[in-house]
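Questions regarding the structure given below will be posed in turn.
Chain naming follows the written order as A, B, C and D, and within any one chain the residues start at number 1.
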Amino acid sequence: MQRRQFLKGALYGTGGTLVALSGLGAATTALNPRRVAAAVPVSRKTVYSSCEMCRNQCPIAVKVENGKVVKIDGNPNDSAFGGVICARGNSGPSLLYDPERIKKPMIRTGERGSGKFKEVSWDEAYTYIAQKLKAVQEQYGGEAVAQTSHIGPYDAFFQTIGKAIGSPNLFSHEATCPMARIIGLNTTFGTAAINADYANTKYLLVVGRNFFEGIHVAQTRAVAKALSQGTKMVVLDPRFSVLAAKGEWLPIKGTTDLAFMMALANVLIDEKLYDEEFIKQYTVGFDKWAAQVKDKTPAWAAKETGISQDTIIRVARELAQAKPHSLIEYGWRTTFTADDFQLRRAIMIVNMMLGNFEVPGGYYQVKDAGSLKKVPAMAAYAKKLGPIKAPSFPKPKKGRIDGTGEKGTPRQLTPIADGAVGQITETILTGKPYPIKAWLVHRFNPVMSIGDTEKTLAAIKRLDLLVTCDLYMSDTAYYSDVVLPECTYLERTEQVFDMSGLTPKYVLRQQAVDPVYPDTKPAWQIYKELGEKMGYGQYFPYKDIDDYVERQLAPTGISRKVFAKKGLWTPAGMKPFYVRSSDAKASLTLLATKSKKIEIFSDAVQEATGDGVPVYVQYPQPGEGEFRLIEGKVAVHTNVGTHNVPVLHELMPENTLWINAKSAAKLGLKTGDAIVISAGKYEHKGTANVTEGIRPDTVFCYHGFGQISPQLTRAFGKGINDNKLIPDQLGLVGNSITSMTFVKVRKA
Amino acid sequence: MDITWGAGAANPVIWGWLIAVYLFLAGIAGGAFLTASLTDLFKKNGPAKVIRSGAFLAPVAIIVGLGLLVFDLGRPLSFWKLIFNVNFGSVMSIGVFIISIFTVLSLVYAYLVWASVKVGGKVQVRVGRAASEAAVAEAGGTAGGREIVAILGALFALGTATYTGFLLSAVSTNVFWSTHLPGISGVPFLPFLFLVSALSTGLAATLIGAGKCEDLTLYKKIDIVLMVIEILLVAVLYASVRSVFFSGNLAVLFWLGVVVIGLLLPLLFSLYGVSRHKNLVVPTCGMVVIGGLALRCFVVYAGQLFK
Amino acid sequence: MEQETAEELYLSFAGIFQRPRPDIARHLEELIDLWAQEIPSSEKVIGELRDFCRAFPAGEARENALWGEYIPLFETGHVEAPPYASVYLDGEGLVLGREAEEVRNFYLSSGYGLGSEQGELPDHLGVELEFLALLAGTGSWDAAQSFRQKHLLPFLRVILPKIRATERPVYSQAAELLTSWQLGQC
Amino acid sequence: MAKHYAMVIQLKKCLGCQACTVACKFENKVPDGQYRTKSPAIGPSGTYPHVKVFFEKQACQMCQDAPCVKVCPTTASHYNKDGLVLIDSHKCVGCKYCMTACPYDARFINKNTGTADKCTFCYDTRITKGEKPGCVSTCVGGALLFGDANDPQSEVARYLATHRTEVRKARFGTRPSVHYDYEGVK
């Protein structure tokens, strides 16, 4: 029988999924699966690794039973975590075993956005990508290839592709999130590696950050610990966040935080409450700052911020009273305004006026190997990771599309590794300064994260190639030409991460189980293989990730076994190290600025913007019938990445628009009413959530909802996609601006 | 923060309409059995159709009711565990035995009545059957075994009808279900209400089943008395608990279903029927039965929706 | 049913419900002939299958058409019917649950393991069908019956109605045919 | 001396982060859509800008005079030797009587087993091994204390001795073993 031969050939031949095991013939037909199951002893192990349900890489302990992840705890060997992990970290198995993950490489077969794909082998996918990239490179030059990723260990491999092609246009997501803070710190301290010792602070003023919903387990626990020890907390936020519920809520007018900071400085100077000694010994340019805040009185700030003069004076006095163990939090997502980085500088300057640097309960420079080397007494604890030597990359022929690094412009301050990711869509659409024709995306979702969803979609349609590597068919993957399935963090080992704080700390993500879907791969392997296909093998000079880790650890003398046993390494016997804890006048040899001082006046900022100290800019406030749209994180989701994870989706499937009760009454809105939110160009449907917990001139929604990929079956279309309403507008240093969108709300 | 993260509220209704109907059917069964057996015992040459109707209705109603109950279990096939694991502190555990025995008795009684009908109807008693069956058949026409079954059955019918009330009233954490007789804190209210309702609905259902037959004036009078008592009890209930229980959708169920259809209209019909010697059995009794179902649904839901 | 026919039928459905492959796509007509011959089925179902073959002649177009249905049906699209038994039978909606483990152990106890090349989970619909074909082919009737009762049928009872409901060409008809063959209903 | 496991919930420290909610799901394999513990937001109350909100962890209160145990017709719900209210799922028929009796809505019918289910303080999986319940050990805010209230040295006993705590719905006289400290939130 012909067809029989065909069927047998097709399925039993090389194509067969099932193979006969040698030794056991098919004769063993006395079947009893129960007995077999019982005969297999339950094997249990704990694998120490690092979480990736968000970017914070918290150390975790993964319980594995018979090759299956059954439970994830925090790593008890890390005292900052104490075995604790957040809801997202706990839900790892739900992601790992989700039937909706992508499982094989896919190439688009229908129109972009039609959702029609076919599955292909990795080799076919690599070949396809390599050919398309080569074509773009030949026609438009290597700079026509842009790369974006969230930011993470994969960048060491992912960005190698772009660098090898000769593209300068490598972007992280930082511009949509913390970049303004990074620049604020870089220009003040010469490094962004400045952390706060929340656990030991006595007074905490928080500017818009929300530790209890945007959870960073170690920091959230530290703040919770401080509160339980009686620390006073004041929260500036137009919305009543969970954090605000645990402290004193000051519902500040949006975009006026800098006025509040300047008024604090004004009071501290006026009442001589600041740490003069500290300012004299460690900083430069204080006089220029003092001149700048001279007329920024509490009375003036009260008008700007909507917070009473008395409150401002009181907060200033309380901060001073608790100094140096008081701190003003420098922010997490810092995309409020065009000059947000100046707010972050101002926050740090007022902090320095409290003298809270390198003391318990204040800010400190991260004690990694690099900084400890500069402190003679501590140099012995510095164990620098070994470099991975590779040939140098070709120099890009053109500058970046976003002007990053251009002297004499604000973009000279923008970190070259991050860039202004919001520029990409603009450049694709306008072809200026030169065309971008190919876009590689790794674990990032521009459609939902670069302002103006529609604009991003329009830009995508102009590309010759869009490749997305992700876990799910994300909104961006859905519009891609090639989709590559990464395996999850539980299925891969990665290079050693430096997670130093008051002591050095290295953490290793270690594979807990074999890939659930055997054709998913870790980033290092994907880009190494793609690189090799493209003839860039020399830039990946390691055999595999274990080889990579060995090379990192070789010069440190730290054994890989330490990680197997504990999941992390910290120097034995080293106590948390604050340079000034016992000697308030100790010299700060670890400072990374050229001047070796903390730069209240920054020459670099002066050169870039003309404002060497922060200058107040008054931004428009919403008019009659308008609301400022602000957004934030929720404890059970990460950005736009977890809304389709079964357990987390179940906990929060959609968001609502918070609107003040009085404002809602004027519009005749009740909680649960269907509404339309209009930002002028775009409108979005939503549901009203009438609450007392928000300013009357502001509306709020949690970010990341209303996803537009129909292939995220759970999250698709549920709730408000704030990103559609926020324009793709860039600040001075290329940061996204997300707090300056005004909307109108009406009943649907 | 109405829609925030976290698990949503659970459905407050744990026992739904299946259980309400089960309680209703158990009441019908008890009432029907009592109607039949008391007629059988005390009314010499009473209307045979009434006996037959009640005797047949009782096992059918209780078995259908138990079917609903079992269907409502999380693990229907494990219902037998109720018999082998006993908790004397649990009303349900005791109830399982009362209802089980009642079911058996009602079946036996129905058989005896059926057998006697066959004898009466000159149907040959088949010979050569099992001895017990023969004995039963023999006892058929006269008192003897049937009397004993009727007496025992009546006791368990009473137990079954009352049990449905105790089942709910024993939930001491349910404010509505555990309402007491006013002034007497140790005595729960629902068993009385359910008993009266069971008698009334059981009687009504039996009369519908009996169809056109001899003079039913006595039954109609009893029914009027039961309705009056039930109206008094419902009034007491209404006066002694918070008004929230009678609000929302349940207001319609209570006022229209329980009060108007279940009590006031049939009472008016009955009074009119008795005084004018009109036969209004089917509409009157039909309304009583519907009212009984409405009462069970109302009580079951009100207790759970408002806590 | 004869051993050979059973094996063929299992193989044919395994072929259809596994990821679309060039050889299966090429020989789709033969599979349809086989089904038309062996499974009491309505003209309509077979007709729809033949229509598909006519609309998409063998080749890349047909393969892409199959992918266009397979992906949203099983993979990452609308995922109307995840093809893994654990998703349904373990109550947590996730893959690689206890059912997958039991099925894998069953394969092992019969002397089969999962090939490394295909990279498929043990409780994939196509793999279970392929396994039954293997058992049928070797005449292991007892094992086949046991596997069918314990694993395949409970799985088919949940997944086939889902696939049929999608009304996706080829797949919903194949599900219809498999239903009438395995579950004895149309 | 017999053990008396108890839990203290310091509401002002609860962040509503739901880590406990999820940890419990995996620790106890709770089916999707069902929960042994929940932490809903209570509020917000007050008027702008004087607003309050807090989260209240809700699960089985481990009553010492448990209505569920009293009404259970099969003795499936029982007190174990350490004074905990547990469910013997072999005896449970799923009659839901306990659910109607529980004033805390702590119970549900497990979709997979058909039997009543609820928090066990992770008795089998953790506390008999000397670990704390899954929710306690993953609590980000550090709001949960757990231990033997009969041991005066335990964290729980010392806390109860020195703080004003409440039990939920005390009017029912159920004598819960879960104590709430509302200080700072009400």
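By definition in this document, a residue touches a chain if its C-beta (ideal position, glycine included) is under 8 Å from a C-beta of that chain, and two chains touch if they have at least 3 such contacts.
Keep in mind that what you see is a predicted model, and the values were worked out from it rather than measured.
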{"item": "By number of C-beta contact pairs, the top two chains", "value": "A-C"}
{"item": "Most remote chain, CA-based centroid, reference being chain A", "value": "B"}
{"item": "Computed distance of Cα centres, chain D from chain C, in Å", "value": "45"}
{"item": "Length of the line joining the C-alpha centres of chain A and chain B, rounded to whole Å", "value": "66"}
{"item": "Between chain B and chain D, centroid-to-centroid distance (C-alpha), Å", "value": "39"}
{"item": "Interchain centroid distance [CA atoms averaged], chain B/chain C, Å", "value": "53"}
{"item": "Sites on chain A at which at least two other chains make contact", "value": "93, 635-636, 646, 650-651, 691, 693"}
{"item": "For chain D, residues that touch 2 or more chains besides their own", "value": "16, 18, 21, 32, 44, 53"}
{"item": "Junction residues of chain B - those touching two or more other chains", "value": "1, 4-7"}
{"item": "Chain D-facing residues of chain C, complex", "value": "90-93"}
{"item": "In the complex with chain D, residue positions of chain B that touch it", "value": "1, 4-7, 9-10, 12, 14-15, 72-75, 78-79, 81-82, 85-87, 89-93, 95-96, 170-174, 303-304, 307"}
{"item": "In the complex, chain D residues that touch chain B", "value": "16, 18, 21, 35, 38-41, 43-44, 53, 55, 67, 70-76, 91-97, 99-103, 105, 108-110, 113-116, 169, 172, 174"}
{"item": "Parts of chain C lying in touch with chain A, wherever the complex brings them together", "value": "4, 8, 11-12, 14-15, 18-21, 23-24, 27, 30-31, 33-34, 63-64, 67-68, 71-72, 75-79, 82, 84, 87, 93-97, 101-102, 105-121, 124, 126-127, 130-131, 133-135, 138, 140, 142-143, 146-147, 150"}
{"item": "Complex contact set, residues of chain D against chain A", "value": "12-13, 15-19, 21-23, 25-27, 32-33, 44, 46-49, 51-54, 134, 137-142"}
